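In structure tokens below, several structures.
You will see chain A twice below: alongside chain B first, and alongside chain C after that.
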Partner chain A sequence: MAAIFPALVLLLWETLSRAGVLSEDGFSRPSHWAPALVKALGDGTLLTQTLETFGAAFQAVLIASILGIALGAVLGLFRPLERAAQLTVDALRPIPSVALIPLSLLVFGFSREMSAAVAAFACFWPILIVTTASVRGVDPRLLEVGRMLGFSSGKIILKLALPAALPGILVGVRVAAGIAIVVTVTTEIVTNPRGLGHGMTMAAQGLQPDLVWATLIWIGIVGWLVNWGLLRIK
Partner chain B sequence: MLEVKNLDVAFGGSEVLRDLSFTVAEHEFVCLVGPSGCGKTTLLRVLAGLTAPTSGQVRFHGQTIAIVFQDYGRALLPWRTVSGNVALALEARGIPGAEHAGRVLPLLQKLNLGDHADKFPLQLSGGMQQRLQIARCLAQEPQVLLMDEPFGSLDAITRQELQDEVARLARDERRTVVFVTHDLEEAIYLGDRVIALAANPGRIAEIVDIELARPRSQLATREDPRFLQYRHRLFKHLAH
Partner chain C sequence: MKRILWGGAGLGLFCLLLLAWKLAADAKLLNPLWFPGPDRSFAKLWEWIATGALWQPLGATVWRMFAGWLAACAVGIALGAAIASSSLARKLLQPSAEFLRPLPASAVLPPAILVLGLSDAMIVFVVAFGCVWPILLGAIQGFRSLEPRLVEVSRLMNFSPWKKAWAFQLPSALPDIFAGMRVSIAIALIVTVASEMLSSQPGIGYLMLVAARAFRSADIFAGIIVLGALGFATNYGIQRLEDHLLRWRAG
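== the complex of A and B ==
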């Protein structure tokens, strides 16, 4: 049922393309995508690029989660610290992550880390903000239970605050996962000669619109699978 | 065992407790009773160390203190099972995980939760959740057990059951208990001593020794003429 709408769009597209209404320079026919996808999958280029892009995005989410959750938990529990950090957060957060591409290139060179670092910066903020808010929202009674049992602050965070805040934190991580893919592909299109972004740039320059479209569809499929996997974990 | 001396507590200029002094002896069951707003809960939180007094002293002689909160639903960890909630207290005491099962199960059995070890708190009734919180506090092996209106939100029958269980636990395990309630009969039924507080600001109105035989019974004790005399004597402190 949910497939009806995309199927109709593709059918219309194919018809308009065959009738010569849509220019084949940009709007490659849907019926050409599958062969291009199969070919790119068959010779391994697409898989290599996928591992590259999603590997960098995964690294980014991992780094951003570790830093964002740790800092967010501390800021969420200690109000004065949160107020002290507010200015720094508000000053750093509006920096567009892609504006860090030149800097990251200087630091990491053309590498997976270069993309991952830029994406991690972008992912860090939503995770930090959601974690801070979720931990602040934890029932103070639970924290008192931890104090009465004699836990240290660190143990209270690990055993009580973070598990209680987990549903909220996972929302932040899911949002960050989407951002990570967007930013990683962007770095690959702009400079980093690797991954799916670079693959699409090359395909466009080689006048292969079918491959560009096939790659886009492929990113959609893999992204959907990743999201489905994350939901399953939850 | 526990000594409170000239205790004053004020929040933002408004006086909550004024010049409270009393002691609690070892193995004694003391009930704090008073009208709402007399600072009973604040006093218990000061004893627990969760709220700092404005002036005065609370002295306890190096013992562990556990507190049973009234709102059991907020004090339990919903993501942990019944045994996991009790094990939390063992983790805090640094007891190796291998010993947990052997220590948790007897406690659960003692509180009639033996068949529910693998359930989650939200699958239990209110009375069972409160029993679970008590089990977790006992796992701390505290010398002093503080209880803040622990049965306040339970139905009358569950309440009586739990009163008898707590009385039995306190006796068998020789715990010192400070029990806050606004229910005068509950205070007399459970206590070795009842401290009645007056409100605005909270201060001690009267301290009465309860000389009713133990073990007490819901029928005989409550029909005992002395029980009624205690009730009569303390009742005026609860009227507004």
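== the complex of A and C ==
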């Protein structure tokens, strides 16, 4: 059942394309996509680009996790600080991640770090918010025990608060991983000459519409698989 | 009283961070080529406002963002209602929707440019494409979860399917739809700015990218402030609209 609707759309597309209603330069026939996809997979370009995109996204999640969990743990443990920081968080969070592309371009130039920095900004907020909430929800008696045993604040955070809050934090990291891939591809499409996004832009500029559509399908499959995998981890 | 005190503390911390940024910029701890300091950033923003240079690009960005988002709202709600009310439509269309949802909206840009060219219509289309999924899935969820008692009532009163949808299903679906709309307005801003940068259409996004190529960092920061304010304002506006339309829920 699931395949009927896409199959009908592709069939209609192919027919209109052959009849000359849809322009070849833009729409490209679906029957041309498969060879383009196989070729791009076969010569390794698509896989190299995918690894590049994933590398940048992974870097982003890593940076955002370190910063978000550290700051979230502090805000979650010290309620007054959290309330004071609320305004700053509310002011910075609505900044759309892509607004940082020009800045990141200046600082990092065309590089993997450029995409990673922009994506890390987008990933930071869900991780920070979820960590703050989970650490705040840790049983206060547990922290009390730590204090009675004479643990330092750092030790209380690392040994007691964070392990107890871990399930919640992982939810935030999972959400961030999905965001990281979307933002990385966006950065690559807009400016950064790397990865899957750039592959598509190049194919479009080189007037290879079949490769553009094939890459889009590939991004769809990869994105769907990542999403599915992330849900599985739960 | 307590709230005012906490608000003051929040403002204090925010100003402290601004001051730290200013001191770091003045002490050249941050490369002045990249980080201009808050004074120069806000001065640039004020210059844009005073000379009126801000309004045309801002207007273009806001227009594209809302045109795409509103189109997505219309399509998402209508399609969601249709999919929710027919199990056949659900089986046919929902898997496709689930497949398309995680697709980065910006990935549609290159093919959209091939088909629609570098135009406003292309950007509005891509924005709408990116925005439609959360609204659609929210609408499907909302229209399906009608309370059984209301289903009973509509049957007893012999409501037509249209009347049932309008009088019962839409109001009960609104919270889910609004949740999708709030996610979507943030997507709309991101996709609009990304599209402007890629397609060189006049707007805040394009303005900032040109500034980056010319190493005018104050312009970049002024742009970041404008886009942050736009993101804040749109989110706040929808929140207020939601509170207003759903005020019956609290009672």
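Please note the rule applied: the second predicted complex is superposed on the first by the 178 of 234 C-alpha atoms of A that agree within 3 Å, B and C clash if a C-alpha of one lies under 4 Å from a C-alpha of the other, contacts with A are read in each partner's own complex, and residues count from 1 in each chain.
Note that contacts are C-beta pairs under 8 Å (C-beta built on N, C-alpha and C of every residue); 3 or more make two chains touch, one makes a residue touch a chain.
Everything numeric in this text was worked out from a predicted model, so none of it was measured.
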* To do: Please work out whether A:D139 is in contact with chain B alone, chain C alone, both, or neither, and reply first, second, both or neither.
  => first
* Structure fact -> The chain contacting more residues of chain A, comparing chain B with chain C, is C
* Between chain B (first) and chain C (second), which, if any, makes contact with A:G229: first, second, both or neither? -> neither
* Could you say whether A:V190 touches chain B, chain C, both of them, or neither, answering first, second, both or neither? => second
* To do: Please work out whether A:G206 is in contact with chain B alone, chain C alone, both, or neither, and reply first, second, both or neither.
  => neither
* Which of chain B and chain C A:R147 touches, first, second, both or neither -> first
* Asked: First (chain B), second (chain C), both or neither: which does A:P35 touch?
  -> neither
* To do: Using the touch definition up top, name the residues of chain A that touch chain C in the complex.
  => 1-2, 4-6, 23, 25-27, 80, 83-88, 90-92, 94-103, 105-107, 178, 181-182, 185-186, 189-191, 196-197, 200-201, 203-204, 209, 212-213, 216, 219-220, 223-224, 226-227
* Asked: Considering the complex alone, what residue numbers of chain C touch chain A?
  -> 6-7, 9-14, 17, 31, 33-34, 91-93, 95-96, 99-100, 102-111, 113-115, 186, 189-190, 193-194, 197-198, 205, 208-209, 211-212, 215, 217, 220-221, 223-224, 227-229, 231-232, 235
* **List of chain A residues in touch with chain B within their complex** => 139, 141-142, 144-145, 147-151, 155, 159-160, 163-164, 166
* To do: Can you check the complex and tell me which residues of chain B touch chain A?
  => 48-50, 64-67, 69, 71, 74-75, 77, 79, 88-89, 91-93, 140
